[in-house]
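What follows is a group of structures, each given as structure tokens.
Here come two complexes built around subunit A, the first alongside subunit B, the second alongside subunit C.
Now for the complex of A and B:
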């Protein structure tokens, strides 16, 4: 008689399965990526109109860090709002919750997939931003360092955003509510990454100091807030 | 039936004493507390036979109201966080009620702080608003307190509402100090901010400040207890109504 053994899959394997499900679902329909990408393009059009009356010599570099982050925040809001709509349809989330596993893995897989989608959209929209607004000006040679605050900022947005999106997915008027909860909570991170991004795009003498300080602060925010979200997710998802 | 606790009987006393103390504090602030020396004047002046070469800041008197109110709002929010954590651990709805009422008190005092702060700022700095670290942090705090109530309103299931509100309360409480730290440490290009660290107040100023401080804290405590009792009675009434229908 053959022995029947049941091996409990490791946490990492569970995480991989969940993440794979998120990615497969998205890449089959490309629903979220398409809408986020188009939305980002439209925000760029709005920037074009908003800056159309600025004077000839207007230094766009000074505000470019802020504009990039405005673009990312608005686009990420759209994505975060959608990230739980598919789970609500057909009660898919209940199915996942039936599996005997650590609830924080759901958080981790959702946050990771949201981060991947956000980074993909940034990969498309930021070159477009450069093409539309920065070709006539000359960014400092250190501008490639902006990828570091972009990564740190996106991690924080995806982490805290996933927790808040789970909360609002059960509420009435969830789209506005998510923005209302998300923007004040993300503000300190935004402040830090805008400073880090601007300083490397503009350049200047105090570059390294400001860059290091604001990046360290943004990283600290990420660590604290991700740990907190991870810890609190248990309460949110099981209710 | 819930008994009246000692705190409920203290509420009246706290409210009355608090009103008296803070009034005394404000009166002393305008009578015995000296004016604060402001910027040096370009032109000397003789006022009442005294040689004056600096401006005396009458607007500083708002400090005796502004600071106690701001401290009270922070303490109320601290209680929101504490009761939220206790709720998440114990899952007892009575802590959710306490957290909610503490946030209501916080909202009242947050709005008073914003209003008094902006009046002073308009007078002293000449603007209604500037993105200075303290103001920014406090504005974010205000938004989070408002968002807390909108979140509660958007959720129907009581247990879920209590849990989500508690989770948001904890995140907001952690976010506020981080926000202050980050906006303060990162240098801005336009507004260098100077923080005064010499807080050694002369006794003439310390006394009215402490009086209004304790007075306003007691008023806040009194309002909190009254609101808690009112909400409890309301819950009991709803219970009784439900029993009557059965």
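Now for the complex of A and C:
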């Protein structure tokens, strides 16, 4: 055999390789994206059925933030539950755990890929939400600012969700367990991003104040929870 | 159940594995209990024992996949607790599960491993390994479509990517067709020169024939650790039957 040279790669390079593998795998099978996309469409259909009986004069703008985040949270749960399926099938996770690397990179690459998939599904489902539910109302001109809470909220969901999906991946009844852990833990984030999203859709005098406060709360939540997830990940994945 | 029989080697060489009072518990259950042995370098250790005897747990501890609850273990001179990352760059593991991504091709799986380890010129290394396991023609096919034997051959190539100094094999023959068994035999014959090999086996004759050292576990304890040349296969089978029981033979 030829002479073999091995140079320990940097953490960033290993992260890129791990993320590349996640994306290649998903874009080849489209397993997670397809199921999340279809699920998001079905949730929109249910919203349609629920709102079709609303009373005359009902202002959908007031609940639009909540509806958007309900759509995102339920769709992300489906994706998170599947995020370790390829690692479990042939024990590929053990192969990764045997590699000389900082195991927190597994968290970073999984969370990043989960975030990318979630944003892609949002990119398809949220314009549809706008088309079906908001075109008959008149959202405030600040509506475009909703992209900020959407990004901050999605980062938090992908980060915390990845940690919890790792914890529950070996558990019996992991689907229910993940939801039971996930929703109470992300509640503060959810509260903040629903407030920030609603206020930019509705508009009003206190738009800037409410938006800034809610976004700061959501951003703070992301920083604290992502740092905690990064710190705990080695322990979680090794046990 | 059994007393430990340890036959110390006459010549003290550098050690591939040194386990001293090793223990691993899961709650109140002791999977490994006071396991001690010293394996010299360039050895081929076959590990035997019934299901639940602690074989896989021992392999997981030695390969840093599980932390020991008690005792001290050094593999290739590195403490598994203190220097796991350094050790991981020098060991490989072949299990009865392939540790591959089924939706990636054979080549993509190997390239992924090579890049994670930092192999320079990964494509050349992957081509070399695909040739070694006789699967060059299937390099662009997803692993999901492979037979069990072919998948196991790619799993072997994956474990060999960083050219590990010590290779752990957890029942590598399980579920293989005769052709795959033949290829694995040839590979092990080739690898045993210059490498350390530790293999769990349920096949007494096969495991005995390949080994330089034998380790028998019973209920998490060492029932026997010896150089293979100290015993012939008949007396080994007899020992196994009498001390561990006939069920595993």
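The working rule: the second predicted complex is superposed on the first by the 234 of 239 C-alpha atoms of A that agree within 3 Å, B and C clash if a C-alpha of one lies under 4 Å from a C-alpha of the other, contacts with A are read in each partner's own complex, and residues count from 1 in each chain.
In this text, a residue touches a chain if its C-beta (ideal position, glycine included) is under 8 Å from a C-beta of that chain, and two chains touch if they have at least 3 such contacts.
The structure presented is a predicted model; accordingly, all values stated were derived computationally and were not measured.
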{"item": "Combined model on subunit A where subunit B meets subunit C, clash or fit", "value": "fit"}
{"item": "From subunit A, separation angle of subunit B and subunit C (C-alpha centres, steps of 10 degrees)", "value": "90"}
{"item": "Which of subunit B and subunit C A:17 touches, first, second, both or neither", "value": "second"}
{"item": "Contacts of A:8 with subunit B and subunit C, given as first, second, both or neither", "value": "second"}
{"item": "First, second, both or neither for A:92, with subunit B first and subunit C second", "value": "second"}
{"item": "Which of subunit B and subunit C A:191 touches, first, second, both or neither", "value": "first"}
{"item": "First, second, both or neither for A:167, with subunit B first and subunit C second", "value": "first"}
{"item": "Minimum distance between Cα atoms of subunit B and subunit C in the superposition (Å)", "value": "5"}
{"item": "On subunit A, the residue positions that both subunit B and subunit C contact, one per complex", "value": "none"}
{"item": "Footprint of subunit A on subunit C - complex, ascending", "value": "63-65, 67, 85-86, 88-89, 91-93, 95, 97-104, 108, 112-113, 115-121, 124-125, 128, 132, 151, 158, 162-163"}
{"item": "Contacting residues of subunit A [partner subunit C, same complex]", "value": "1-2, 4-9, 13-14, 17-18, 21, 24-25, 28-29, 86, 89-92, 94-101, 238"}
{"item": "Residues on subunit B engaged by subunit A in the complex (per definition of touch)", "value": "88, 136, 140, 143-144, 146-147, 150-151, 154-156, 159-160, 163-164, 166-168, 170-172, 174-175, 178-179, 181-183, 185-187"}
{"item": "For the subunit A and subunit B complex, residues of the former touching the latter", "value": "160, 163, 167-168, 170-174, 177, 180-181, 183-185, 187-189, 191-192, 195, 206, 210, 213-214, 217, 220-221, 224-225, 228-229, 232, 235-236, 239"}
